[in-house]
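Each of the next two complexes has chain A plus one other chain: chain B in the first, chain C in the second.
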Partner chain A sequence: MNKNYIYLTVLMLVLAAGLFVLPERDNSKQTNPEDLMWSIVQPTRFISTDVVAKMIIERDPTLELIDVRSEDEYSEFSLEKAINIPLDSLTSENYQNYLGIKGLKAIFYSNDDIKADQAWVIAKRLGFDNIYVMKGGLNCWMKTIIEPTQPNETASSEEFELYSFRKGASIYFTGANMENDSEGTKAVINVQRKKKTSVVEGGC
Partner chain B sequence: MHIHELNPKRTIVTLVIFTAIIVIGLVTLKSPRLVFNQPLNETIEMAVWDEGSVFPYELTDVINGNIDTVLLVDLRNTFEFAQGNIPGSENISSVELLSEDNIERLEDHKTKGMCVVVYDNDQLHANGPWMVLRQLGFDNVKILLGGYNYYKQWADNLDDSYSNDAYFKGTPQFDYNEMASSANVDEDDASATKTPITVQRKKKTNVAEGGC
Partner chain C sequence: MGPLIPQGIITGGWDFVIALLLGIAFGFILEASGFSSSRNITGAFYGYNFVVLRVFLTAVLVAMIGLLYFDYFGWIDMDLLYILPTYLTPMIIGAIIMGFGFLIGGFCPGTSYTGIAIGKLDAMVFTGGLFIGIFVFSEAFPLFSDFYYSDNMGNVTITEVLGLSAEVFTMIMVVVGLAAFWVTWLIEKRVRKNINPYKFE
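Let's look at the complex of A and B:
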């Protein structure tokens, strides 16, 4: 047999062995940092409480609310049909099935929006798409949807429209009686609301 | 008879070329410019335990120039930066944060043991960039709670902001259950009262004291 064939065989084996020393790249599925940064810089991930309320009321089938608070907090109070994925178990296998479902908009929320945003960054690094953050979190939900502030008399008609939407949503979510809004109590409410306008006007 | 056996030189030439291509390929194997150096579970731990945050009142010494191991980085755009910023801060907008020059400088600061404190208008806006830097392995990068908006409010008496909690995020401001139950919806006073929150306030220290 020709010697060349032996050399060739040895060379091939050496090269094949070289595959073992190639650096391991286990994170190839993850978003690369520059792309992640690019999507972070854009504010499109934020969804207002009004939009979320509207989606819940209209029973939007694409809505998937994800509560990233702890299990205790979740069991105490959560939004309608929200599922609980505590921030610290975001990467566990059982929960990841809830993310990245085609056609669903996963919206993270927490008490505020910081924790939800951190969950978003982590999920985005893992390569999930169609994920969003509810701006202002539950605190904002309470301020805007459950107890909306009545706009000033000089406010634009859009603000009044928004207010009436929020008022309706409030009744929807709390199951309050429509009669509660009767004129008898209205005078009292007006006085209280004026105090609050400066605090939360303009939303969260 | 095989053609190679007629001309052994040819085989050697082919072999050399073959090896050369493989070697060149290995040498020029391109690794991505930036990789996540922080394992995912550490990132999550960092988020859960609120690590790496700087309280506004901790900045007084930095602003007064008593400490030079801390670099303040303003992540807003030049326009907003020009309208007002924290004294001594440098402007690197989020969009350019990962450019080669800036990464080089951040690495330089890291090797020098400098602390980098990033801020935006509020904590939320700085959160993403801060997390990315942390995940890239810059563990000397911290985030300013409350952001510029809070600072602006307290600029004249930053030290006194110690007793003001407004920069704290993540705690419920209301008793959700009580507020969202139908009985309470129109009795604003009863339901809108803040539930007492016990916040663990960090001992008043300077940023530099604990190192980065």
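Let's look at the complex of A and C:
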């Protein structure tokens, strides 16, 4: 009997036994703290209420609004086409299918931007990209979009332009569009779940 | 890092290139192991040649241990690997039919092509039968599609079903596999007169 067979047998056993002594290793795709810190200070992770309003009005297909408040608050009032992922359910796998969809911008919002910001950090740590926070949350939404304040007479023309946009948006969101749709019906988003790899069925 | 295509490191268009390369390598190994001879293949059933068992068990053990080490080093994301769904009863029945085909025909689908590649007539006849079988099966599929999809256990792995850790199961397979190598070697030595062991260069 060739000695090499014995060596190979021992090698296989050693390799298999080696699996037991390997320390536990976490291979999950979490963002490391340095990257997280870097992306946390980027102002681009915030999206203003004006931009969100514009995206809704233009029916931007890349918009995915995520309401991170509780279910009750969500059913009381939510933005058009927003889906509800309560902050404490964000880590459950059922909801994570809604994040990280290619080509979609997931924008978190809550009453202010504290909860939404927390959701953003959690989602970032879970390794998702293309996530944003709506600056100022729903409070800011009410102040800027629903009841915009008229700028002073001496204000710049940009401010007046912004004001007229907000005024139009306010009409869009509060009534002008009422007879068509949206009131009372929550949009159902067809989530395209990430497909597993293509099937390779092997024989021998 | 891996798997390369689901992670988007290379695009799905490489599927065919990779399949071609793997196919060539697979065919080469089959032929080099002597699988293009139906005597070698059916020998496992008659108890005089266990090369099929040894080659495939080697492949299984190397792949098992390799994957676990790759996972440990972070080279592959095991969650992204495709797991074939288990239809328990239909699979057992299918395996029995496959075994009979193996025994009667002397080839399995893959090895019949290596047989053709070196010009074996029996392999050509076998492959003809293979295509007739595929045609009949496809045409008659509605008759037994209910059975085909019955007993679905989903995309489960054996470690999930048995509740074992991957390390323990791998160890069991390695011990069983290595024992099988040595035992079949002893059997072959007793049964065959003209056996000559492989020489390592």
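We take it that the second predicted complex is superposed on the first by the 157 of 204 C-alpha atoms of A that agree within 3 Å, B and C clash if a C-alpha of one lies under 4 Å from a C-alpha of the other, contacts with A are read in each partner's own complex, and residues count from 1 in each chain.
Basically, contacts are C-beta pairs under 8 Å (C-beta built on N, C-alpha and C of every residue); 3 or more make two chains touch, one makes a residue touch a chain.
On a predicted model such as this, the values are computed, not experimentally measured, just so you know.
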Review point. When the two structures are overlaid on chain A, which partner does A:N139 contact: first (chain B), second (chain C), both, or neither?
Key: first
Review point. Of the two partner chains, chain B (first) and chain C (second), which one does A:N4 touch, if any: first, second, both, or neither?
Key: both
**Study point:** Partner chain in contact with A:L15 - chain B first, chain C second, else both or neither
**Key:** both
Point to revise | chain C versus chain B, contacts on chain A by residue | key: B
Practice item. Using the superposition on A, tell me which residues of chain A are in contact with chain B and, in the other complex, with chain C. Key: 2, 4, 15, 27, 196
Exercise for review: In the complex, go through chain A and note every residue touching chain B.
Suggested key: 2, 4, 7-8, 11, 15, 18, 23, 27, 30, 32-34, 36-37, 40-41, 73, 76-77, 87-88, 90-91, 110-115, 117-119, 121-122, 125-126, 138-139, 142, 146-147, 170-171, 173-177, 180-181, 185, 189, 192-193, 196
Review point. Across the complex, what residues on chain B touch chain A?
Key: 2, 4-5, 8, 11-12, 15, 18-19, 22, 26, 31-36, 40-41, 43-45, 47-48, 94-95, 97-98, 123-124, 127-129, 131-132, 135-136, 169-174, 176-177, 179-182, 184-186, 188-189, 191-192
Study note, to complete from the structure: Given the complex, residues on chain A that touch chain C span 1-2, 4-5, 9, 12-13, 15-17, 19-20, 22, 25, 27, 29, 196-201, 203-204
Exercise for review: Quick one: which bits of chain C touch chain A in the complex? Just the residue numbers, please.
Suggested key: 3, 5-6, 12, 15, 56, 61, 65, 68-69, 71-72, 74, 77, 80-82, 84, 108-111, 166-167, 170-171, 174-175, 177-178, 181-182, 185, 197-200
